[in-house]
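Shared chain: subunit A. Partners: subunit B in the first complex, subunit C in the second.
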Partner chain A sequence: MIDMDALMGAFGIMATSAGSWGWIVPGLIVGLVFSAIPGVSITMAMAIVLPMSLYMDFFSAIVFLTSVYTGAGFGGSVPAILMNIPGSPSSYATTFDGYAMSKKGQHNEALGYALFASTICGIFGYLLLLVVVEPLADIVLKIGPLEMFAVAIWGMLLIGSLGSKYISRGLFAAAFGLLLGGVGMNTAGFIRGTMGMPSLLDGISPIPAMIGLLASGQLLTLAGKDYIIEAEGSRTVSLSRILSGCWQTFRHPGVLVRGSVIGIVIGAVPGVGSSLGNLIAYAETKRTSKDPSSFGKGNPKGVIAAESAVASAEGGSMATMLALGIPGGGATAILLAAFMMHNIVPGPQFIETQKEMVYAIILNNIVQAIVLLFVGIGFIYVASNIVRVRTRYILPAILVIATMGTYAVEGSISGPITLFVFSLIGFLLVKFDYPVAAVVVGLLLGRMLETEFLRSYQLSGGDPTYLFERPGAMTIFGIMLFSMAMTAWGKRKQVLAEEAESAAMEALARQASVPEAEPGIKAGASGRH
Partner chain B sequence: MRIMRQEYRVDRLHLAFVSIMAALVLWYLFDARSVSLSINNLLLVQPLAIATLVLYLFIVPQCFHRADAVPEPEAPAIDDPLQPKLPEGRALVRVALLGVALGVFVFTLTTLGFDVGILLFALATMLICGERRPLPLALYPLAVTVVAVYGFRALMPYPMVTALL
Partner chain C sequence: MNGFTRRAALRLGAIGGAMLLSAALLAPAQVLAQEDYPSRPINVVVPFATGGYNDRLARAFAPYLEKELGQPLVIVNQEGAGTQLGHTYALQQEPDGYTILCTSVSPYIPLSIFLQNAPYKLEDFAILNLPSRDYTMAATSADSEIESFAAAIEQLKADPSSLSIGVQPASADYANMMLTMKAAGIDASKLRIVTYDGGGPARNAAAGAQVDIAFVGGEGFLPLKDKIKPLAMYAETAPEWWPDAPTIGSTGIQQEFVDGSQRGWVVASAVKTENPEVYAKILAAVEKASKNPDAIKALELQELATTWYGPEASQQAFIDNAATMEKHQALLKGE
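Let's turn to the complex of A and B:
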């Protein structure tokens, strides 16, 4: 299952890249701090620090960014438990029982449960990835351009359709992103959409565009507030009680395993990610529990289930990104951009030819999860104060760093200008309920998608029946159509259920108002029954 | 707006936004077609642009709401990180001002110099966000400027135009 030679090579890379170890703690701290501040998401944090990683060697850059990612997985749970405010969408389910435990004075234990579930399941997710990389490499090597095209289209459709309340807006955003990604010279040498600007010949610079869409565009909305959140005062933190919570996590192995498996599977599907995984893991744990009524009232299993899914989803989304080069969402899209900045394209070729590097990345992530245990405990002490940051201090600093970061990519003012334009687009996309992540992933995948489509066209000689010679591609297209139909059906069902519920509520309200206004009519109506 | 004897409220801002996006897509399609009609050029761009325009037709009706329709439940407060919404009133003015400040900052960076540009932008942002105390207004933008200029100068190999630092 594991290529031992490559594994030894990975240990060699880790031993010789001593400098990269130094980026683990700063990365974890950045991830923890940013994800603990509601409104400042993990993708924002990664987008802002991305240009800094440009000047590191490839392995150090990936170590730094994945450390940010790992830290953010746990960071969001601290305000979720202490203040009932999820630091990031992926910590939403943690609030259900985490805050209830907090209200009962068990916040230290809840933090311990969350931290240990994050650590154990983070390690579990990556260990599983370590084992499946080898068979995964054999499978992905059989993937041709048509299969890659099918997978990329499927990913885009999922990201588009699941990222918004409205499927049409999600798909529009995904298609718009793909078109933006195709601006400039394509593989066949045709130049489109550059408006005569030579700087656009290589396409729209993805990093300034991503920072604009994911970070600064959304930071602008914070200007209307004095504090990012009006939080409750900090609570007393006790190390011994946190450690006791950590230890008690072992009493629920079934919850840990279930949460991890759900997290890995959901994390591996593009467009879904940990923000849904934690809710599904929570719901499943509650459903299978002997005492479901205790959930939401401070059951530790709720915290463990939610956090285990968040932590293990990282391994799942990394599997898709490394094996296929398809990012699952904003955070992995930034990792993909970091790979591209170092002229490395993840996907079937990378996983086969750079297996040692793949193993080294996975092993380093396991190390990060262990280090998180120690950094996380220290972080809990300061976290409750971090969330009370005044926007007047945080906004100038972050916007300046973001702008300077885009300048640092190419040393040209076109970076900050791209940032500004995409900030406005990002701001409006959020306002009108379009999924920003779909535009970002489309922007990154547009060129690849067109290239694979062109290759498939050339291989098939323009014959559409070529599809029937590729069972893999047919299967992917089949699953894609099925999942799209299911998504549309599910959303339609949800809309109908909501309509029925609101109609029933209206009828109830009308019924309640009748006896007050016209008691005679009501009495008459009752008499007829 | 009255259509077929039915009164509609129009979300003009959304309609304008999505129409501009669709117009850009249409322009992109024509630009690509003007370069070459070869299939190697249009294989992805043409069907994707057409699909985008079809989706636009599905979105346009979403910008029209029946005037007598029951209003949707109040959107969650902006504090909810899971469902951000645009602030209103004075807060919206602050957001717009910050957007303008960011634009001015970006377009004048090389003219003013990075140090002066950052200093003025940080100062403007603090003022927009409501800071009025002179000491923080004097010290914090200065600190941001010094850290940003020296930090990025150490980090990147590209020259940075500065007036003072």
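Let's turn to the complex of A and C:
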């Protein structure tokens, strides 16, 4: 399906605009630095550099902006892993296992895993795009509200897999999150829960709210410690351990492929962006894993799964932007603006008449991802030095930067106020043992769930048999139920096996306790520990 | 709904009071300001996010306007609450000419006033020029079985729930659609209306045949031209950017309608009344920049409008459109 002539032409464009290559590294660094600051989003980083790109020629401008985009796709995972504070909603799932690894002193490896998972899947995503960029456009348009609703439900299932001490509090927290997600004017024009404040008409802005919810509990925990990592011996920054993490990523090809596919498909759906893909990829990897109980306690597969869906989602959302002229999220909306400012209107006509340019943009993104492998290692190396700084210096700095970041996102005081209010809510949730994660997922998905459910209802006129007219939605629900049934079946088998094992152990112990235990077995058992 | 709540009144009072106070305190400074205006950079407030039509218009036009004013322009994106935040912000600034708006006056100013009780009035805005007009377009997917607008209306007359309709609630498009249904005698309460919170998603829904017909601003359909079939454009004559679009008049339906969007350059009325010289300087600069052949060429390439209609014609178009919207307020509210 690749048009070879156009591909050759694309190489031609890349070779002749040599100046554009120089923008890759600065773009990546801008993206990495901005997205690593909690509260500053990818969209903002791109909005800041957009006016700068106007003075470049078209291809250089696009290379620069997409480099910022590529860098920002990874940068958010650095604070997620080192401090348990996601830089952006798309790196939320990375905190689950990434920070757990850091606490164990494996922050070097965790960052290595994240970098390679993100980058490799990004490359994989763009390669896939090269083949499917045209048909993808038509598939994306066929995705209706019911399909989107099914996907959002899938994202909500993550809450179940995160686990909580009390089921009732988990459900309550999720419902609370969903209600928060519905604040503002809904798609049918009804205004709810704004308390008369015009700045809430567009809903609670998710980034300051999320950071408030997660950071308050986390910062308070950190305040009780001298350093982020308690064990003094683990507070090292080691290039070899970062590299070993990078290398080990390749040991989990299944996780990488699944994450990329989930990322591309979800990223391609307009209006969803990458904040949902990482949640679904994480939940699916955990559910299908042989040892789900090790997730959340520092399993590298959790980091890989979450990150694999982030960069590939960028590819998906870029494809929709190029093929249809529809932005998948905030960042692609800015890319679209950059195209327009250079008098180029992406869309079906653009793909048809300027296929070389489309291929050149995709190929350049692959180059950026490869460069990011190296720039990223350097960035991680510098950024991880934060583990050697005392928390009494880090905490005030984070507080100030996050507050300024949330101010900058909206350009008004509503950002910092949201941050403050949600910090209080987050503090109370933690204090009374309510799972904060359930509130965050509800907040991120509440609006989408409501909107798509409402539209499905409007389209069908309230007739539930509408589901049977939508094979896509049926398939998604089918896979979801199948996957849940498999988990239940697996859990049951696991429980049975554990019971059998403990029964056997008991029998063994009883047997062993009667005569003297054989010294050989004992030595062998203790040697393994 | 009571159009004028107590809180809005208080807020207006507060703004008015602040304005009077500042006018009294800053009177000598303003005389000075009028003489050497502009002596510092000027903010252009765009009440939309980066990359929308107004943002692109502001950024593309800025270099030419800068040349006329002799000071740099700073584009300030103040999006949110259906332009209410950006408009309120712009009106709260000193009326010294250092704040200019590049906005979609219609439908957003009337909508935010009628439906959201925005703390400003139509008269608070002095329109300089509205070069860009967009019109509601009814469209279906390219491979749809719907032959024409008349055929679709006939089908809806027979069974109002036979076709699904995608539209933004509380928008000019919604009002136009409801006026059509009224003119054709279709029971609107039986329609299957699917609501979208932006033009983009509504257009995607039409192109992907998620809904049978979408009523949404026509200009945004340009990049999707191959994927849709235009049924009716709510304009007197088809605009130059879509010359072969069937106008609503040509489909055989006689009805009133409102313009989808009127976009361009605006200042607070207070600038005109309190600093008439500054106002005249801004107006002259916008006129000269709009007529600059380089500007016309550069903006044409980006499919942005520079046509000079002037303040009188632009203000009239805005007031007329707002009056039609006010007349059909109940329709906008979906009552």
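Here, the second predicted complex is superposed on the first by the 281 of 529 C-alpha atoms of A that agree within 3 Å, B and C clash if a C-alpha of one lies under 4 Å from a C-alpha of the other, contacts with A are read in each partner's own complex, and residues count from 1 in each chain.
Operating definition for what follows: a residue touches a chain if its C-beta (ideal position, glycine included) is under 8 Å from a C-beta of that chain, and two chains touch if they have at least 3 such contacts.
Not measured: the values here are computed from a predicted model.
In the superposition on chain A, contact of A:L220 is made with subunit B only, not with subunit C. In the superposition on chain A, contact of A:L428 is made with subunit B only, not with subunit C.
Of the two partner chains, subunit C is the only one that A:I334 touches; subunit B does not reach it.
In the overlay built on the shared chain, the residue A:G461 is in contact with subunit C alone; subunit B does not reach it. Contact with subunit B, but none with subunit C, is seen for A:F420 once the two complexes are overlaid on the shared chain.
Number of subunit A residues touched is higher for B, counting subunit B against subunit C. On subunit A, the surface patch touched by subunit B in one complex and by subunit C in the other comprises residues 186, 188, 191, 410-411, 454.
Those residues of subunit C that touch subunit A in the shared complex are 7, 49-52, 55-56, 59-60, 75-78, 80-82, 84-85, 88, 115-116, 118, 161, 164, 169-170, 192-197, 200-201, 204-205, 207-211, 222-227, 301-303, 334.
Taken in their complex, subunit A has these residues touching subunit C: 47, 50-51, 54, 140-145, 185-189, 191, 196, 198-199, 201-202, 270-271, 324-327, 330, 333-334, 336-337, 340-341, 343, 345-350, 410-412, 451, 454-455, 458-459, 461.
The residues of subunit B lying in touch with subunit A in their complex are 13-14, 17-18, 21, 25, 28, 31-32, 35-36, 38-41, 43-45, 48-49, 51-52, 55-56, 58-59, 62, 70, 78-79, 81-82, 84-87, 90-92, 94-95, 97-99, 102-103, 105-107, 109-110, 114, 118, 121-122, 125-126, 128-131, 136, 140-141, 144, 148, 152, 155-160. Of all residues in subunit A, those touching subunit B in their complex are 38-39, 41, 52, 55, 85-89, 92, 166, 168-169, 171-172, 175-176, 178-179, 182-183, 186, 188, 190-193, 216, 218, 220-221, 223-226, 229-230, 390-393, 395-397, 399-401, 403-404, 407-408, 410-411, 413, 416-417, 419-420, 423-424, 427-428, 430-432, 449-450, 453-454, 457, 462, 502, 506.
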